[in-house]
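Before I ask anything, here is the structure I am working with.
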């Protein structure tokens, strides 16, 4: 595997779908929101993305089977004219933060794929780490084009004005690279302390997304989902810490090529 | 050398061989088991894999000759109809944990190679680090397909249920990438404290593999082999620690391009 | 996006333009100088460079819109025969210092681009970190060819004689790679403590550049620009520190593939 | 520049030349020996190797001109039938130890180049770090083929028997990759404390090389050369430490994509 691949199980006919992203990040906010949306809508999986830029490991499932780390595409076909069709991406992982190049490669592949189904609009979801929360978590918005700020001005979104702030990973790159391809999009980040799997922030973000989409989403299972996810993720995280730690062994002395003497 | 290469010394005709992996990892469990299996069966080396993703060094042998780090393929042709032909891979090294991309590239090349000989089934061996051992080391199993759990249910394997656990490196990727190619496989990890070359864990794993293969493997030399290996490996490890340590020099002050200020 | 791309908005006809570089580095000296020169001359943007070697993030602007990190090309057409046409590059970022390969790729693309407009001469600007300043910051010069030292001998430039000193990043590579392509150039570094956005050093460098170009540049706004930039950059920097810090989690214990045991 | 390039100034006709390597490493032993050999023989430079895997910087020379970091090829044509023609490589740098892939790429290019001139034999030189020296530094040897150990058995070489020891960087890879191409070679490492530019170890290594080549090399200038080199190298080293240190900033808090939570 020398570049990311998308394995496609079905080629649904979608009508101008919105592409919604929720991958692991701060407080797992985006992933929780995406997983919940998929479950509540009964969205259908139609493709998996695998990448040599993801960690070189498989994850074990409860039934003892293993799979490469992956991102998963789901679609939801609206039953009426009132709502938009959706493509939703979620997954186990993002490319590690040490591999900028890999991030660009993977996000490029995601956009190549959803463009085949006519996607021209993107909503990305995630967490925004704050040192303390005052009341309910706010949802911070940023957009690819000024017109979207106008379009979404009546929703409970705090549009960011922190010049020089950044959005790291797929939530940012999908908008940045998408914009170069003529796509439009909004990034919605829920305020989060970031230390736990943050169901509250996920609810805040998802409820804005639901309003934008004109959908009713029952949030009652979200807390429980958060708890389950937390347990699983804790294991994954420990494993990955252990792996990175191996890269920094203690000093010792030996031969030829001390690098740059 | 811009990608991994396999240098082939012989092209044996094998009948539906099982591909068995034992490369360096926790407690050197997998490598010890593979080396012992090769020795006891009198398996024959038929190919070497070299990779620009392995460390940029040669290893010195007792006779003062040097070789690039490599992985080695052995085959064993069953003398009867009762047993399966085998391809076994062992070696000095795996790709460093900092290079996920390299891991995918190398494992892809391994599978390309063994597929040429008809391999469709994989057994990977390794160690599973535990903080303390209670009694004999258990052998933990995970599989590519549920049907294999059924198939192996009468062997002394503790099938993993630790959702979110991972199998890092070739032992995991061979199953994960193999599965995408329609191959089936099982990963067998022996519990190990992980600090030493762990002959006990290797014995535990290899005895399960022997049962699966219906082979009698004499384990009496395994302890001695472990001791020899330990001495050699200690040197390799010190060397590699020294090399990684060079990547983190002390602060100093100088010119242009402080990165991202 | 698998390699750096330049998106071109206009193809001005330029006459033997000088290519001037000022990208983020020590004390932001080069970037400040380039931004100021662009503003004072009213230079016009005609292209953006995007790269998969830049950080995998978008930056937020005051109006809540986001963009990939980028480098920007401006041109200035001289209104008379007395002055040279200019191409000026500035931007949000350089390739991270961990990715030498990316630096070479991006700088190669820059040179490919400006060569299309006939550029054969380069001036790079930046900061030179010193532990303390004695009086006004000096401007240190180094050149691709000895003849340039002669040519610029009457300007207030302290030509470097610190054999083995280095110029890291685009300010150095543009000269080094440019030289291999038959281009000529000078690097001008202003002494700086390096801890702040250093308007004083930028003024020193830009005033030498203005003398070389025979231009009058009003420096009065430079201090204010420095202050604004400082605020924005502080945020960017914190973000990036946070991201790099994630690469070094605390120890933990787990499975297979401890790297190089 | 997307891969290493060799810029060739002359294409000498050489007769079965020996390829001798001395690049920066422990105690700068190899580089010192190569530089001295070049000077004493009056060997002629005929090519430079540049690489995008070298550090992204230029080095300043005493005359204020700058150049990319590079490796340099020299040749020496024997005036009689008694001695062998030589190609000698020395240079400012090797690929950083974090980039194994780059090491393989660069060494591959070196061998591609010297093969064009008929080189089939290699001598690599370097330092071997020891905690303390007992008497004069010994010269440790390792070879690609057993027959070379026999061939060189009457020279003052201590053939290594430290199974599992390694030779890192070009000194090792040239032998390892060369061997795969049917070339033969010996690596000679001088014992060194490794902390200083080690003229003593360089003398020890070079005197063995001179004996092998049947050449008289006057060593009297080597100490002085070591002192000069030390001063220059110290600067380079400080610079590089500073650059690597930038990769490890202090913690901070911010947004989306905490890596793997």
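Quick notes
To keep things simple, chains are lettered A, B, C and D as they appear, and every chain counts its residues starting from 1.
Following the convention adopted for this analysis, a residue touches a chain if its C-beta (ideal position, glycine included) is under 8 Å from a C-beta of that chain, and two chains touch if they have at least 3 such contacts.
If you're wondering where the values come from, they're calculated on a predicted model, not measured in any experiment.
Centroid distances from subunit C, each centroid being the mean of CA atoms, peak for B. Both subunit C and subunit D derive from one sequence, and where they touch, under half of the residue numbers involved are common to the two copies.
Centre-to-centre separation of subunit A and subunit C, using mean CA positions: 33 Å.
Taking each chain's centre as the average of its CA atoms, subunit A and subunit D sit 47 Å apart. Multi-chain contact residues of subunit B (touching two or more other chains): 96-98, 165-169, 172, 233, 236, 239-240, 243-244, 246-248, 253-255, 257-259.
Residue ranges on subunit D touching subunit C, taken from their complex, read 1-2, 7, 50, 52-68, 96, 98-99, 102, 231-236, 239-240, 243-244, 246-255, 257-259. Those residues of subunit D lying in contact with subunit B across their complex are 95-98, 100-101, 103-105, 107-108, 141-146, 149, 159-169, 172-173, 175-177, 179-180, 187, 238-248.
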